[in-house]
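What follows is a pair of complexes built around chain A, which joins chain B in one and chain C in the other.
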Partner chain A sequence: MADFNPKEKKILYRAFRITAAILIVMLAAALIFCMFDLPGLFSPDHPGENIVAERYIESGIEETGAVNFVAGMILDYRAFDTFGESNVLFAATICVMVLLLVQDQNKSRAHRKRSKKNGSVNSDQTTVSESQTQSEQLPESKAYYEDLRDEREIEPRLIKNDVILKTIAKFAVPFILMFGVYVILNGHLSPGGGFSGGAIVGSGFILASVAFGFDKMERFLNRKSAGIITFVSLLVYCLAKSYSFFTGANHLESGIPLGTPGAILSSGLILILNICVGFVVACTMYSFFSLMRRGKI
Partner chain B sequence: MNILMMILLTVLIVCAVVVSFIKSLTASVIVFGSFSLVVAVIWMLLESPDLAITEAAVGAGVTGLLFYATLKKIGSIKDDDEPKESDDPETPGNDL
Partner chain C sequence: MFEQIYNHFNDIVAAILFVIGFSNLLFQKNLIKKIIGLNIMDVAIYLLLASQGYISGRLAPILTDGSENAATYINPIPSGLVLTGIVVSVSVTALMLSMTIRLYRKYRTLDLDEILVKVRKEKEDKGEG
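What follows is the complex of A and B.
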């Protein structure tokens, strides 16, 4: 773009915008046109009225034992697809770690070389005396904030002594975590399940880490424990439901009794799989936030 | 399709259009959160409470929070204590 003079740049920008608008309108028109082609709500072609759906609705409760029928579908009849979704969450965490993880300051050779080089240059010109590896002291010069524009640096001051936030978090965080655990454990009885309960528990973790500081949260959930929790949950799910790789669509009995529908210890493997999915989602939400804010979990 | 559903769908379309055209990035994230809230109410009206809980927890909660963390990281939201830089036309959404 550096080769064009300003008048040509203006014409190019306008051409880009008009082309983008035309393409979007064409895409919207194509999608709306296809929507009119789908079968209506009460026609015999409707995909909700074939024999598979009838079988699910008629014998769902006896075969899965879950009163919440959606949980019975996604964790018993189609458990293999939910396994794929949990793997997608795991892969997303790994990708975000690759982009945002900052190496440990004392051990990384590249960082030591860079701070040595910057130290020798800065000591001649400015009065900055702190090195870049000390993150507790407040820097006073503008040069320190200019260095932070490097995208892999850790933010220095992440603890704010905000009284309102701390007081409300002291009351709210236990209730949020308890509600999240309730939603996970009652996934087969009432609406909710692993994904929504895990998102609620993850939000509780985020609020706790913003209000009380990341160092206190690290005693509970640091990189090693989050990794172990995620890995063990996915391993349990894999051992339970990945026989579909070998047997195709045939179902293997798990041996856990189904119990009476409506009790909390019922529906076989669904409770265990809900707990696994809840762990994975909660750790994923918290790791995303922590990686964005300070470069490590 | 009763009148409540039509009002909610109109609000949905307005929110979606406003998110693209608004200039300030912080306001854009807030409108995105309200879009998610209206979608959660629509899921309830369509009788699927599982989706409503998940949409409320993830869309209006965690996604908005991660957007704010991103905006802070690229320098669009400034603290009160940081030294003020000169007007930098390169940072997006600088006219808060």
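What follows is the complex of A and C.
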């Protein structure tokens, strides 16, 4: 693009846009033409109604105890699938951490170990060369850290003057968190469950961290505690439901009784798995926001 | 012809949404808007998949009036499939956004053409020097 003069650039852009428009119209026509072959909304015998769906609905309550058939399906009949999904969220958190985590230069453990090992004799020379090699390893070095320092310093100044946000958050955050916990715990009785409830709790955390400052959130949700919560929840899920690796399609009975359908303490393992999934999703949502905002959880 | 459109209304809307999201990828120069286009394509797929479970005249798959007959409820399986898709979409969007943040910190622009120009210039400088 740098080799063309502006007139040629304009002509090239226009040609590209016209070709793209033609391609899009053709794609839309092809897709809509294919859609007519699918069974419609009002067709009498839909191929999706098969014995699997019948089994999930008709034996749903006696085998899983869940009044919400979809929750019984994803957390009991197909629980291994949901285990994979929680792992996907965990892996995404790890990848975003690899990309965006910034360690404070003075506090990183590797820095402390290296400065202790080198001792005090050649300390001046080695520390200068160390900081040089450290800053050379990061490609963006100086501008990168200045950027982050601006983000971390501008934010407290903005929040100190923001009265509306603080007042509304003081009223709203407890209700948001309470509603999220309600949706998680009632996953087997009404629409909801671990994923949606976890997203609600996560957004409550995000609002609290924006309104009250990250330092106050760090007291109970820092990197160590978020890591422990996520790991323990995934471990509980794994111990509960990964027997499918070894037994195939057969089911192992957990010792927990199914209870009366319609009560909160019913449906065996589904309540515990909902809570685990809710924890994972909430910690993941909050750590995505915190990593993108300021480079550490 | 119109009866066919009326019967497949959900599929056609999903196809149009998909094409709108795809055209975002082609026509927008800003990286963030391209990511939004990918998100729109994901949502179109969810609409197509979840609406395949709908059977007209039946209720949502939560126990109502104590009837455990499979003929009173819609098909619950496509809803479970869409749940997995939503989780995957969230993870992919988070990864794309974090890569955009790293690109911005290095090249100071969100315009894809300018980033490619700068990358090519860097390669030339490194090749010569």
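Observations, loosely collected:
We adopt the following convention: the second predicted complex is superposed on the first by the 235 of 297 C-alpha atoms of A that agree within 3 Å, B and C clash if a C-alpha of one lies under 4 Å from a C-alpha of the other, contacts with A are read in each partner's own complex, and residues count from 1 in each chain.
In the analysis below, a contact is a pair of C-beta atoms (placed from the backbone, for glycine too) under 8 Å apart; a residue touches a chain by one contact, two chains touch by 3 or more.
In this text the structure is predicted, and so the values were computed from the model without any measurement.
With both structures placed on the common chain, the touch criterion links A:194 to neither chain B nor chain C. In the superposition on chain A, A:202 makes contact with chain B only, while chain C stays out of contact range. In the superposed pair of complexes, A:73 makes contact with chain C only, with no contact to chain B. Residue contacts after overlaying the shared chain place A:293 against chain B, while chain C stays out of touching range.
When both complexes are overlaid on chain A, the residue A:81 reaches chain C alone and has no touch with chain B.
In the superposition on chain A, A:65 makes contact with neither chain B nor chain C.
After overlaying the two complexes on the shared chain, residue contacts for A:49 are found with chain C alone; chain B is out of touch.
Of the two partner chains placed by superposition, A:268 touches none, neither chain B nor chain C. Contact comparison for chain A: of chain B and chain C, C touches the greater number of residues.
In the superposed model, A:278 lies in contact with neither chain B nor chain C. Applying the stated touch rule to the two superposed structures, the overlap between the chain B and chain C interfaces on chain A comprises residues 68, 70, 191, 195, 288, 292.
Residue ranges of chain A in contact with chain C, taken from their complex: 1-2, 17, 20, 23-24, 27-28, 31-32, 35-36, 38, 40-43, 46, 48-49, 52-54, 56-58, 60-61, 67-70, 73-74, 78, 81-82, 84-85, 88-89, 91-92, 95-96, 99-100, 139-140, 143-144, 147, 190-191, 195, 261, 288, 291-292.
Those residues of chain C that touch chain A in the complex are listed here as 4, 7-12, 14-16, 18-19, 22-23, 26-27, 51-56, 60-63, 68-70, 73, 75-80, 83-84, 86-88, 90-91, 94-95, 97-99, 101-102, 105-106, 113, 116-117, 120-121. On chain B, the positions that touch chain A within their shared complex are 48-50, 52-54, 57-58, 61-62, 65-66, 69-70, 72-73, 75, 82-83, 85. Residues 68, 70-71, 142, 145, 149, 151, 183, 191-193, 195-196, 199-200, 202-203, 206, 285, 288-289, 292-293 of chain A touch chain B in their complex.
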